[in-house]
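Let me begin by handing over the structure; questions about it come next.
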């Protein structure tokens, strides 16, 4: 059945920062997996589930996010009535920020002018190809006030942010970043509730001058509301630190993860850049790597994720690295366990080496 | 809608019959090219990059895949509310129903469409040429010369001139004479099949041509000679970039190889003149542990575990471990299984080549029953789309594999599925 | 692309020959309706409002104006990258070239198109009915009943039942029998021409039907009876809102008048179920000093200086001073000059009625040579599009004015211009 | 020839406020002429001239402007590469505003990432159907640094904001809101210059911490630069005060003005609302008025402009008024020389009367 739900995606999460990668961009806008940004996964999951009215709640540093999202057309969300909206008043300069009680008014107004029965609120830092149809359907059937998506985390990555304890499938406790796990259920950062209930919750928060909104804001009401769990068994990668960002990227090189994320019936959409095909030129050797359009490969690449338009010079050696868009690796450079942000240049002969737990990060647009 | 100075009409209705099995189910402009493109991407991108916002695509033969690929024109930024891209198939009216009889007739049948956009000039293009051209420069020359028609030409080697439509011009570039494949060419300026017409003049000539029962309603054979005979101002506009008509198996193969051997000529990396294509929604391509790839181009969704040399691998194609691919073109979704030796092949969309298959000029004792000199030459072998080829077969070069008709069986072609689109 | 639960196929290829001059140059679904709409706006808006995002429009007869009106589907929010609106005309293939032979054949010829979208269900609609329906409710019933086909029906007066395709059902609404225009109807449930099919089942039936040389390849005459004969689960879904087939001059006129007389039935002001239409880019309408307007609907770009009573005035139409319009429909751009008395007329697109023309049942001594009982009844007079009518003529009711052929002359029709589109 | 120019439209003008109509909306977003907003005229003029890359510089109160513009699709400006952009960092909440030297950086970045040779910078408060092709062409041919569009104001409305004095068609003096006219040339608020020159000017302004940008910012450089004039003879209505807004609206009822603005080959685009046709019901009498779709007219309307979705009740009398969208005039209300903003209700029997010079203004959404 056509799903009667709208979506809210949170572009930032106060507890998750990926170091210098987020200096000038929202968490949601962090490049990931060769040609994507982190938000592409949640956005595509919603679109593929038939959720076609989606608000993005960005706090600050929205500029690269807006550049990525454009009119929403790459997700087929450039619509006359509904589609994609960046929600004011978060929409402000990258340069100044003054939270005010009115911050939640923008979200409230967006909800008020929508027509769907349900709202799926989701964090953006979950890398998965989720179908929300069953989630919403089961929420409707259960009669719960709120349903939260969780998994058992066993074969997923990273420590849970939010550990959930259920009794009779009713949420009875919630621990944020716990040191000792008392439950094996961890939130997947997605909840569903009726639009009217969310508006009621916001009204109260606004009158109390609260300004923060995230999924915990909703889950913390577990004493007043009936909050049920919905277990999701999809392959999921959590990105909640630089180390988990790095290892999640590397896990894309595992064949079954690549297939499940990207070659399922539902595809992950992203901004199309019309790069030319990648060229493999004399002297290259590539092994166990993801390579993107627009690359020129003349050197050695192994166990790495190479974004669009990267130039890899002769005799260079790249191992266990993430090299972002339009970066140039000059002849003979050697890199191991390194993340290089967009538009950088690594000069001839430069050697950089991090460890898998503490990868070296090179900022956007620098020459090393 | 705002007045359009120039609109483009792209001729995309021909069968492209010299491409054999490659155009059995899809129109020539929709044939995959250069790892991530379809042939028509070049004409459409040239239009967009030249600032042309109203484009009619004249379709007739097997248009489903082409229509599906073009969609609403979004990928080329041609999904406009005013103008934009329109697919123009033949239609029925009170006056009767006619398929397009010739290139000129296809434009004639769409006079109302053009009139509605009220352009001063109409650009007429083929949908099956590989080139990058800024039509604005040609339009400027057309306007300055106050020409009725301007025809893009390029210099061809004198010894090849008799294979082309040749323009004989005066020193200012005014066309004095047009000769279709002249035995003794007086010039080496060959028509590229790119025309700018002043619409008012062309409109009158199209109507006159339609009323002439002896006409074949073709631009080259009828309209251009008639305009010359009427002493209209006709300008030859010399274009000196890369241009190729990919009308035969050999020229299609060669144009693909040109991307590897002469990459500067049709530079696909030029950020100022992007060639747009429809996104396949695939992830970055994956290169396995033991792969080796040299002198090749690859795109999204490809997986390579074997050896690829001097080849073009299209989106979603898979080369399994130990397979060797050389001088070949894998179209989208093609799969070459373990242990294959593939030399100078064009492998169609979603076709699966079984394990240990060997094809090429070095195969001495291979199957000769698929050799097809009508279409294939120079050692090139072509597999149609949606085929499954049996394991362990050896195949002589210059073969062409068509789908097996229902009820028939083949020990080489195990299966031929209906073509899936996009 | 994401899997589509249901896609819609809109049959828009018929000539609509009972509308006479109104469909001489444009397909019936493109005929203007209700001041600011075209007939097909209702089917397209129903699709959009029902959340259907992939819509194929099957065209064949005089599709230019229809194509031009629909454009890329933008006005109905159907300009999607994935799915969206596709125009589906007949085409040529290796197997030959066929115009659509019947409603079922037109879907058969587009099996590949439907397969590419991989829907569970296919909604088949007519492009020429006036109604507002949420197809989701019908789909829900179809899924719950696990039906192979669900057919929307409405109760008609028993005395009219023999004019319709009648469904005989059991108490749960399962169709037991279908009778086309039965002499002695057993039920008064008439088919609305709105079908939901489970695609897998329909696909098989379409192929079987195509292989039957005796079939007329029509849904009502062939597919539905064949599915019943095969004991498929067939559901009748009762719809009780306003519905009208505007297939004749009288029904077209009547459906327009219903907007004035029964505005609550097909409420155009319902913000929850907007009927979308293509914007004409005109300013608000202007009412002059001495105008009077009563019981009428008007839209953008209209200028009224005269008297309008119980009429429908479409965008850009002009009523000059002293003219009197009653019970009439002015299509877009129609002009009624000074002193006219216009009663029960349908005036085509851009047609100009000269000064002091009188038309209608009260005109006793008018010209009778345009009376046309084949199309016109009940005192309705129809002027085609693009005509210029002479000053001072008096015209009998029930007339129909066709364009004058080239070379012919008429003292009443001074000019008939080629139809301009949009 | 295809025009090689981009556009910048200034959504606000510090010296022009239309009273309460601009309390919650930018000048550019002020409703005008039954179904338009003021910006539609400049935006449509640019689009019709082939300018298809347009930045809108909004200072504050951008919300209704963004709602109106959407993805730009109604002006066919929803494009992959170019199209319509609201320029940050002006893009901020309606509720707070802190001008900073960075304000002009957003404009500078927008220009830097564009490719056109020329920039047409235009104020939004000129109601006209202009073709910029000749303007740009003549600017190119003249070799001037800047060309400014002006007219002689004789048959246009309102006092000039910016009076220009030319010698040999070179700007030698500029007076802003002069009390005594020394020149009969008044700026039409549109200038053209090369993108690189404008970027140079912005660089200097940013380094001096200037934050204001408008056409005078450019024209004031007349001593350093060669600024030439381009006379425009199109029918033009200037909106620079509430009184001129009112009288410009009324002049739309003149047949030749209506024809020139709206029925020329080039059309004025606006947001399409899919209202139903207007209904004229028993008891109505309408004379010399513009009426829009979605209206139900049962009362008396003369010499007025009625926007979309207005309900005019029985025996009501509306004379010389502007009634904006979705307002309800109840039975028997009487209004003369009144401007009623959107979504208001005038109750039965209420009488309001202003004068043509001082029309009464009723705020948005009130019940009178």
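Order of writing sets the chain letters: A, B, C and D. Residues in each chain are counted from 1.
By our rule, a residue touches a chain if its C-beta (ideal position, glycine included) is under 8 Å from a C-beta of that chain, and two chains touch if they have at least 3 such contacts.
All of these numbers come straight from a predicted model, not from anything done at the bench.
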Return the chain whose centre of C-alpha atoms lies at maximal distance from the corresponding centre of chain C. A
Pair with more cross-chain C-beta pairs in contact, given A-C and A-B: A-B
Chain B and chain D have mean C-alpha positions lying a whole-number Å distance apart equal to 47
Can you work out the whole-Å distance between the CA centroids of chain A and chain D? 40
Residue numbers of chain D (touch at least two other chains): 73, 80, 267, 272
In chain B, what residues contact two or more other chains? 74-75, 80-81, 281
Residue numbers on chain D that touch chain A, as the complex places them: 63, 66, 70-73, 78, 80, 83, 88-89, 91-96, 98, 100, 102, 106, 272
Using the touch definition up top, name the residues of chain B that touch chain D in the complex. 1-3, 5, 51, 74, 77, 80-82, 136, 139-140, 143
Where on chain D does chain C make contact in their complex? 33-36, 73, 252-253, 255, 258, 261-263, 267-269, 272, 274-282, 284-294, 301, 305-307
With touch defined as at the start, can you tell me which chain D residues reach chain B in the complex? 1-2, 47-48, 50, 73-74, 76, 79-81, 265-267
Which residues, counting only chain B, touch chain C once they are in their complex? 24-25, 59-64, 67-68, 71-75, 79-81, 84-87, 89-94, 97, 99, 112-113, 115-116, 281, 418-422
